[in-house]
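You will see two complexes here that share chain A, one where it goes with chain B and one where it goes with chain C.
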Partner chain A sequence: MEILNDYGIVLALAGAVLAALIPGMASAKAVSMGGIAGAGVITEDPAQFGKVLILQLLPGTQGIYGLLIAFITLSQIGILGGEGDISFVKGALYFAACLPMIIVGYTSAVRQANASVASIGVVAKKPDQFGKAMIFPAMVETYAILALLISMLAVNGVSGLSI
Partner chain B sequence: MRKENKSEITDKQYIYAVARIRSKELSLISKSDIEQLMSCKTEIECLRYLADKGWGKEGTHTSDQILASEREKTWELLKELVEDISVFNTFLYGNDYHNLKAAIKQIYKGTNNPNIYLSNSTIDPNIIIKAVTERDFSLLPEHMREVAEEAYQIQLHTGDSQLCDLVLDKAALDSIYSHGKASGNELISQYVELKVAAANINIAIRSVKTGKDEEFLQRSLAECESLNKSKLIQSALEGMEAIYEYLLTTDYSDALPALKESSQAFERWCDNRIVEYIRPQKYNPFTLSPLAAYLLARENEIKTVRILLSGKRNDISDDIIRERLREMYV
Partner chain C sequence: MALLQMQRINIYALKKDRKQILELLQRKGVVEVRDMLKEDKVFNRSDVSHAKQIMEKNISTVNEALSILNNYVKENSSILSALEGRKELAVEVYDSFKEKYKPAVGTAKRIIELSKIIAENKAEVLRLQTQIEILTPWINLDIPLNFKGTKHTTGYIGILPNSWTLEEIYEKLAQFMPLNVDIISSSKEQTCIFVLCTKDNKNKVYETLRGMEFTLPSLSIDLSPSEQLEQVKKQVEEANNRIKAATDEMISYDKLRDELKFLLDYDTMRLEKYEVIGTLLQSKNVFIISGFIAEKDIKSLEEELTSRFDLAIETKEPRKKDDVPILYKNNGFSEPLEGTVNSFSPPGKGEMDPTMVMSLFYYALFGLMLSDAGYGFIIALACAIGLIKFRKTIEKPMKNTLKMYMFCGIATVFWGIIFSSYFGDIFDVVGKTFFGVTDLPVIPPVWFFPVEKPMLMLTFSMAIGLVHLLTGLAMKGYQLAMQRDYKGIIYDVVLWYILLISGVILLLSMEMVTGILGININIPSNVVTIAGILFALAAVGIILTNGRESKQPFKRILKGLYALYGISGYLSDVLSYSRLLALGLATGVIGSVINQMAAMAAKGALGPIIFTVIVIFGHALNLGINALGAYVHTNRLQYVEFFGKFYEGGGKEFKPFGINTKYYKIKESWKNGNIK
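And now, the complex of A and B:
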């Protein structure tokens, strides 16, 4: 068990790294999908640039949320601040705390990209319906925010545990 | 292998192409445009209206030139949108076989009229002409080689143009069908199914009217899933009523009133059914289907405008023109 405790920090760091990595990758892919669709619309109607840009950026937030969770975790585990002495169990708890953001961040970014691409199609045909079109991908954001919230509370909660 | 498949799927989402098509759909001819065209008194007025909609290009004056330029524009756009245009070969094979037919006839008769060849095809018409002239059918794609030689020999030795056409028409249907089904695209698959079934129904009906025998039907009808070839042949041999009775048991029972009316009415029914198939693609942001839908919608509007212009040119009453018009995609 003593030996395992040396690896607590590894688990915690793995959680932080994956929180930055996975939603970041998904957001990059998602924003790229939006960009490709946006470029298609702009080719035909450059006046829609502002509207499609907003729709393109919507699925980019998961990467930012993941970065935030990674940053908070790193600042709790002694890498960017906080106590450096992390037991195996505590490290595992940090890892678990990052999981909502890792998993939901990935899935919601990809799905939000699909909704954004569809909404960019709406803007292409009916630019005056931009407000309504934006709501559809924005709804997917709800779940990324919920995951961010629970990961943030969990990381902060774990830091207060004496285990 | 799994990774390759996944990346292939992502590449084939056609996100850029579909987004551009969404913008392009705004300039498709709508029902209200058709009403505007109908309210024009003459063909010239219609052409003016179409020119205002952006139809035609510099140097196109007659309706045929304008319609041809619109078809060209559609293919130019599709070539720009997809990396590999062969995904649309299903829609071009018919033109290849038309060109092959024309080449065989021209060479048999010793004439030379370059205007009868269609430009939108998978093979350059000059290669087809060369293949037929030099009897080197290896220049043609595999699916055409054998049948091109067979049709050429028939034309050369029997002079029977009808039999030559029959062989090539059947081969065209077979190629369209197999390529469409192999595409893995649901819309293209539905399109080829309807195209081949409609051709089979037309052949069966014509064969009853002209008293053709079983051998003719066996050689002319192409295989497809929605019609049983042997049952259709049997019905055609029994007569028109038997064909109608058989069709009642198929997906084409709705077409019976149109079939009983005229072949033009049946053609209109088929075109309207294609529009029915493609309409859901207006809301699909991914895959090849919206592009195929756009192509079919353009073909449909070109056909509809052609009917309308021809009606105006020949002073046909508005009621009769309206009966012939197709449903529009937008």
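And now, the complex of A and C:
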């Protein structure tokens, strides 16, 4: 058990890195889906660029939320600051705290991209309905925000535990 | 917080004045024309589809011409030109355009023709250039490429693949002597040869040559290659000259660009006019315009029309079943958000204009989500500069957009100061890195750092959400009062208010809840008891009344129970405001990350420069992404959580018959208060 405690930091770092990695990958895919749909609209009607760009960027936020969790974690496990002495249990707790963002970030980005692509279709046909079209992808994002919130509170909470 | 009172208007006028009256109405832009009257034996509508077709065709021609012209002569326009708005022109210019109309249409057609000429000639040049490429290796041959031989000889002119020497060719053809082989030109890829043999051997020679993969040149001409080349080059020059002439002519039309733009607008206006004419009821001498007008505009329009024409105007209250268009009336603070309400849906029948109340929350919520004084300052400053610089010409929608972001920016500065966020923590980082300041933070927050007390921030976010939702519920009460549904106010609003507020008090009295939220409130026990009783009473009231549209008692109670279950909806609505915390923290933390990265790179002599570059790029990115997030999620909170409580929309926006042009607008010229 004593030896395991040396590896606490590894678990914590794995959580942080995966939080940046997996939602980032998903957002990259999501934004490219929006970009492909958007490029089609722009060939027909270049004036819609601004609206299409917003819709394309919407599912890009998961990657940023992931980065945020990664950074908060890094800054508390002694890599970018904070205490370096992480026990095995604490490392595992950090890993668990990152999980909501890792998993929900991944799935919600891709699903939000589906909604974004559909909304880009709306803008192509009815540019004046942009306000409504924007809400559909934003609904999906709610769950990424909730995951971000829990991950953020959990990481903060874990740092206060003395185990 | 209001909508303008609309009136039905009918204008009865003489047909001889039709053009002038319609044009005046179009310039005033205060009447929405609707065909609400029925045709009869005397009055009917005329068919204008033919005239409309001509104008639509003209419009598309001019649009095409303008975009072609823009390919040849770029219009110098800056990014800011979108703020400049349309140019204003006097009526006289509009009226005098009739003479220029035909030439302008001609110009547009000529531009399209020229672009075709240029394209055709470019294709011609390409074709000729391939000919030149084919001919060039044959330049030393002084007989035509289609030379077949003389009386006793046969000539073969063609190409062998790869490089051949004379010896190699003679070697292959040795058995067919006498013959003559000339190598016209030779390169790595191909060898151009001329073989002359006796007529008896011609088939065998040809077969041998074929065996060497001999091919005939792809051109067959009567002139010698050099002469032909000369001719082709001349043709290329001619084609190039035609292209240049056409391009020059095209460029010369740059000075007519304004005329083309005006033509586009002129026909756009005429098209709209004809659309209106198509809806008018007309007899032999009289026509009737029917539609809607805002009550405040009636007087001035009436004065203006009756002073100039013989006509009769009749206005009356809209009928119950009329689909009355919506025109907002708001002060400068709320007006920018009319567009946001419109893009949800204009208020439906019996609904109020939510813009004013919404605007208070809109700016505050946007500010909370972006919550950085530096970013807010940049947004507000940029919008203010745009508004001041183009204050004379800026169009209304653009002005409203800028104003909206300016107010959003100001709110962002406010929250940024409360939570002490200035480009993340730029002051701390700069102080620590460059000036060795140890007394951090440099600027302490007015209230607290959300990063340090996230639970307090979460509580605050949800409290704001609760206020927002209760305001929405109050708006519902106001709407019910306007409809004189007083029972509805008590059952659907007051009971819910009691339920929600007593519910919150009960929650706050639980140690578990205050423990999670990290707040310390002591609620006296008798207050808790009263809240408990009120909660139960309100719940019973809701169960008994909220299913009141059903007559059957059992069904009614069930519906009431289901309505009470709606309290879970309030719970999820309030939790939805946690995004205020999440997005606010995201801005601040990413900002700090950027600053920290910049500080890590800020060592050595070049340090401050690298630091500045990283900070500028990083914060520009962060501002862009988080402003987008704040905008989208503010809209969501308004549309879904707030509007969900009272607002359905479904109205129709007021679309007056007016000047919906792209480049110019027409201004009435006034002299001594009268129209000239």
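The rule is simple: the second predicted complex is superposed on the first by the 163 of 163 C-alpha atoms of A that agree within 3 Å, B and C clash if a C-alpha of one lies under 4 Å from a C-alpha of the other, contacts with A are read in each partner's own complex, and residues count from 1 in each chain.
Convention: contacts are C-beta pairs under 8 Å (C-beta built on N, C-alpha and C of every residue); 3 or more make two chains touch, one makes a residue touch a chain.
Everything quoted here is computed from the prediction, not taken from an experiment.
Engineer: Assess the superposed three-chain arrangement around chain A: do chain B and chain C clash, or do they fit?
Structural biologist: Fit: chain B and chain C sit side by side once superposed on chain A.
Engineer: Which partner does A:89 contact after superposing on A: first (chain B), second (chain C), both, neither?
Structural biologist: In the superposition, A:89 touches no partner, neither chain B nor chain C.
Engineer: So, does A:28 touch the first partner chain B, the second partner chain C, both, or neither?
Structural biologist: neither
Engineer: Would you check which partner chain A:17 touches, where first means chain B only, second means chain C only, and both and neither mean what they say?
Structural biologist: A:17: touches no partner chain.
Engineer: Contacts for A:132 in the overlay, against chain B (first) and chain C (second): which applies, first, second, both or neither?
Structural biologist: The answer is second: A:132 touches chain C but not chain B.
Engineer: After superposing on the shared chain, does chain C or chain B touch more chain A residues?
Structural biologist: C
Engineer: Could you tell me if A:38 is touching chain B, chain C, both of them or neither one (first, second, both, neither)?
Structural biologist: Touch partner of A:38: chain B, not chain C.
Engineer: Once the structures are superposed on A, label A:103 by its partner contacts, choosing first (chain B), second (chain C), both or neither.
Structural biologist: In the superposed model, A:103 contacts neither chain B nor chain C.
Engineer: Report for A:79: first if it touches chain B alone, second if chain C alone, otherwise both or neither.
Structural biologist: So A:79 meets neither chain B nor chain C here.
Engineer: Using only C-alpha atoms, work out how near chain B sits to chain C after the chain A superposition, in angstrom.
Structural biologist: 6
Engineer: In the superposed arrangement, what residues of chain A touch both chain B and chain C?
Structural biologist: none
Engineer: What part of chain A is in contact with chain C in the complex they form?
Structural biologist: It is residues 54, 57-58, 60-61, 64-65, 67-68, 71-72, 80, 128-132, 134-135, 138-139, 141-142, 145-146, 148-149, 152-153, 156 of chain A that touch chain C.
Engineer: Mind listing the chain B positions that touch chain A in their complex?
Structural biologist: 13, 15-26, 285-286
Engineer: Inside the complex, what are the residues of chain A that reach chain B?
Structural biologist: 33, 36-41, 43-45, 114, 117-118, 120-121, 124-125
Engineer: Give the list of chain C residues in touch with chain A in this complex.
Structural biologist: So the residues of chain C in touch with chain A come to 340, 342-344, 454-455, 458, 575-576, 578-579, 581-583, 585-586, 589-590, 593, 596, 625, 628-629, 632-633, 635-636, 639-640.
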